[in-house]
Amino acid sequence: MDATLARDWMRAAATAIAADTDRLTRLDAAIGDGDHGVNLHRGFTAVVAALEKSPPETVSEVLVKAGTTLISRVGGASGPLYGSALRAAGKALPATAEVQPSDLVAALHAGLEAVRRLGGAAPGDKTLIDAYGPALDAFEKAVAGGAGLAEAAGAAASAAEAGAEATVPLQARKGRASYLGKRSIGHQDPGAASTSLIFQALAEVA
Amino acid sequence: MDATLARDWMRAAATAIAADTDRLTRLDAAIGDGDHGVNLHRGFTAVVAALEKSPPETVSEVLVKAGTTLISRVGGASGPLYGSALRAAGKALPATAEVQPSDLVAALHAGLEAVRRLGGAAPGDKTLIDAYGPALDAFEKAVAGGAGLAEAAGAAASAAEAGAEATVPLQARKGRASYLGKRSIGHQDPGAASTSLIFQALAEVA
Amino acid sequence: MKKFINDPADVVAQALRGLAAAHPELRVDTEEQYIVRADAPRAGKVGLVLSLIRISDGGFVGPGMLDAACPGEVFTSPVPDQILAATKAVDGGAGVVHIVKNYTGDVMNFQLAAELAADEGISVETVLVDDDVAVEDSTWTAGRRGTGATLLVEKITGARAEEGGKLGEIAALGREVNAASGSFAYALTAGTTPAAGRPGFDLPADEIEAGVGIHGEPGRRREKLRPAKDLVHSALDAILDAKSFTGPVIVLVNGLGGTPLIELYLIYGEVAAYLGERGVSIARQLVGNYVTSLDMAGMSLTLCQATDEMIRLWDAPVRTPGLRWGA
Amino acid sequence: MKKFINDPADVVAQALRGLAAAHPELRVDTEEQYIVRADAPRAGKVGLVLSLIRISDGGFVGPGMLDAACPGEVFTSPVPDQILAATKAVDGGAGVVHIVKNYTGDVMNFQLAAELAADEGISVETVLVDDDVAVEDSTWTAGRRGTGATLLVEKITGARAEEGGKLGEIAALGREVNAASGSFAYALTAGTTPAAGRPGFDLPADEIEAGVGIHGEPGRRREKLRPAKDLVHSALDAILDAKSFTGPVIVLVNGLGGTPLIELYLIYGEVAAYLGERGVSIARQLVGNYVTSLDMAGMSLTLCQATDEMIRLWDAPVRTPGLRWGA
């Protein structure tokens, strides 16, 4: 992956989120406060603008800039979480023009770690982690098996989607949905849904 | 008419208004503030209670007491108007146990006069006067033609109802409905409708 | 209908009991249904009594504003007995001013009460408030309604009465404030009275009522919903057409009960900008849900072309549940 | 959706412009989106910054209460940049207290901002408000939400900061007030965010949400509508079960934005009666729409078991658009 591809990824993520803003917001209205789609749409629109204004030269810088932009433009729970994940992932990458799939495995681990540190959620708490975790596992396994970026990203996207769907029967233990207690059961977690979109975007451009 | 019949009249009016509270309120919601049925229901319930508590001996006293009660319990436009009408009518009657239809003609005139003095409305302004006026005319004509109370009251009731219906195409020039301008056209005036109920109540008991 | 009530027939009385409990500095007569300052009557002070048909107005009783208010049933003017009782409760020998919003029912009930008060030797002056420019003031109507300007009349005359102004002067000042005021209101939704149990009118999802009053009645006309900026311009145009104000004005951006502050502040931003464009200077402003119509989502704009004296009295201390500053 | 707005994407910024115009005694940075007292920073005074996601909270900035507030987008916590900018604007060298309602987003954004402020040499203490007893405080949830008690924390710590209280003391006092407070809320209708354009949830005509927060989210459970008296009893039972208050308490009867005062006063009447029955004495009370959730028709009850010192500070002068007395 080079900086251009990383920028394409962010752009594709922005496009996917723009198309699904309403769905994400509806998911959040059911068990949260109904702003998740709007939050991420605002954030990724800003990310694309920031990356276009002064295009970074390395994947690392692309992800750090994307994360910083999300932190300073989104607010809510998703801003710091997605922002910190992208920043941590970027910082974990070498400052080279090109990065390898194995570098990305390490970067994605750093991102997940940042989310867990900041939000304190565990797998099964019905958060974006429940899509992120399986996606990372699948990506890692594919890379370990010798797959290229495209193939690994495809595996991650499928796993993320399955993970997001698997949040439906869970009871939320973190974030706003946890206030609903048992009533959170039966709805997909909006953050898991948007995480799935972001991995799908990677699979698309890879 | 004696005091007992006068009390029966007020009771019958209360019953009719209770049954039509919702209709009167709906009429008032269309071109006013939606309280006319509730207002008169509260008022006539109090009238019946007051007359039962210490039953007056003369028709005059019945009507004065009914009017006073309406004034002190209803509020809004209809309280002072109906209250003053009944008080004026009662005061215009002789203090005898029995009063004649011709006495009632004079009393009803005094009542209408009180409404006009207080509210300043003219016929055709889309107010209760548009039912009261025709009812009084019919009552007077019948009495002049030698009719008894029952017959005259029946004529008054029909005229009141026709008068109330004839308010539908009028544009209101007095009361709350006048704020609507042309939008008041096409709706029956709630006060005219309740006046018609009161004359019908007289025809019932007479 | 969903409301926090117990029995639709008993809402006003129960709310008054709550008001009494919440505000020991007021005296609430739950029998006769009126609210007075705990220190009423004050010898030599002109008393101010408001015709009031919403509990929130009870919020304007206290030092520097009203001496008493008497709520009728919801959207129904109070009865003469009530008004008389309140008038007697606040008369300190210097007479009483009745502040009456121009509605047929209010006018008639206060007139009867004033006659009864006169019989008991109390001097009563009446200030009729009729600021709503949505209604044409002609023989075709019951005249303009009293709306947002009521608050201005109450505040300004209340301050002067506190200073010791005499009966005739207070009444003249009240009439002056009223004449110098104009208002216009829009409703997004109808309010629901407890007794009726359903909204006063139905309004499609993209339509609003223009020129409404404060008793849940429909307006002069139905319009398509437009951006707040447009509505503000139309409302201010209507006021400035009817009354040729040049400023300084006191501005009231008022919610009708169900309008969140975020919208009222947004509206005030548009008001300030447009008055600037039209060359009308702003002396003072107040933004909030003050002169309300139950849970109606709506807003009214009121402008008052203020003299220096009015501004001085507007700034004077006031201590009531609904309006308080300097005390 | 019917609202008095121009563009759903631009509501907060435009409302802030209106707030700035209406309150020249505040300074509004429309670029960074924060509101500060015009006299900030005051040398030697501890600054109080609120995580705020509703413009109406901007109403609590001023002498005796908050030094700054920073609104995020509607129902979204502010971003660290904004919070940092506000923190810098109010730091007079004595440090800054962040009053943070306990929501994942608020907590994380404030945490990031506090780290940035520390990098710039500003001492920041955080007071987390989590008074909503509807939420079980367990590992099964994100912890109790911050709701009505926020106003009490702001008022009481704000008064002490005005008197010259030191950073650690103010933070400890804020935590003490929070620990001494409990709240419970009911919603009759869902609010509508401008961005979403439709109500957050659908509620049948005879049902309500029990245990809601202040961001339009559904509650712990759906219930049939009951008389106000019953709802008040259930809410107070929930608070008194969670926190064993005996009084004296400060009571807040708070509307969620679309609830008329007549209902809030009726509710207060029931609250006063029931606390009397349960032997809990009332020291102070406040009734109105203060800690709101856009146009949601709903109400929350907050009790705070108050010390003499808290009551003294509650009574101290405050001069903000939303709360004002003694000044």
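In this document, chain identifiers A, B, C and D correspond to the written order of the chains, with residue numbering beginning at 1 in each.
Keep in mind that, in the parts below, a contact is a pair of C-beta atoms (placed from the backbone, for glycine too) under 8 Å apart; a residue touches a chain by one contact, two chains touch by 3 or more.
Just so it is clear, the model here is predicted, and its values are computed rather than measured.
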{"item": "Most remote chain, CA-based centroid, reference being chain D", "value": "B"}
{"item": "Chain pair with the most C-beta contacts", "value": "C-D"}
{"item": "Inter-chain centre distance, chain A versus chain B - centres from mean C-alpha coordinates, in Å", "value": "74"}
{"item": "Between chain C and chain B, distance of the C-alpha-averaged centres to the nearest whole Å", "value": "32"}
{"item": "Distance from the mean Cα position of chain C to that of chain A, given in whole angstrom", "value": "54"}
{"item": "Chain C residues counted as touching two or more neighbouring chains", "value": "74"}
{"item": "Chain B: positions in contact with at least two other chains", "value": "none"}
{"item": "Arrangement of touching chains [line / ring / star / complete / other]", "value": "line"}
{"item": "Contact pairs between chains, per stated definition", "value": "A-D, B-C, C-D"}
{"item": "Contact set on chain C toward chain B in their complex", "value": "72-81, 103-105, 108-109, 111-112, 134-136, 139-142, 145, 193, 195-196, 200-201, 211, 213, 215-221"}
{"item": "Chain C-facing residues of chain D, complex", "value": "2-7, 11-12, 14-22, 54-56, 59, 74, 186, 188-189, 205-206, 208, 225, 227-229, 231, 253, 257-270, 272, 285, 287, 289, 292, 294-295, 297, 299, 319, 321, 324-327"}
{"item": "Interfacial residue positions of chain B with respect to chain C in the complex", "value": "25, 29-35, 38-39, 42, 71-81, 118-119, 171, 173-176, 178-181, 183"}
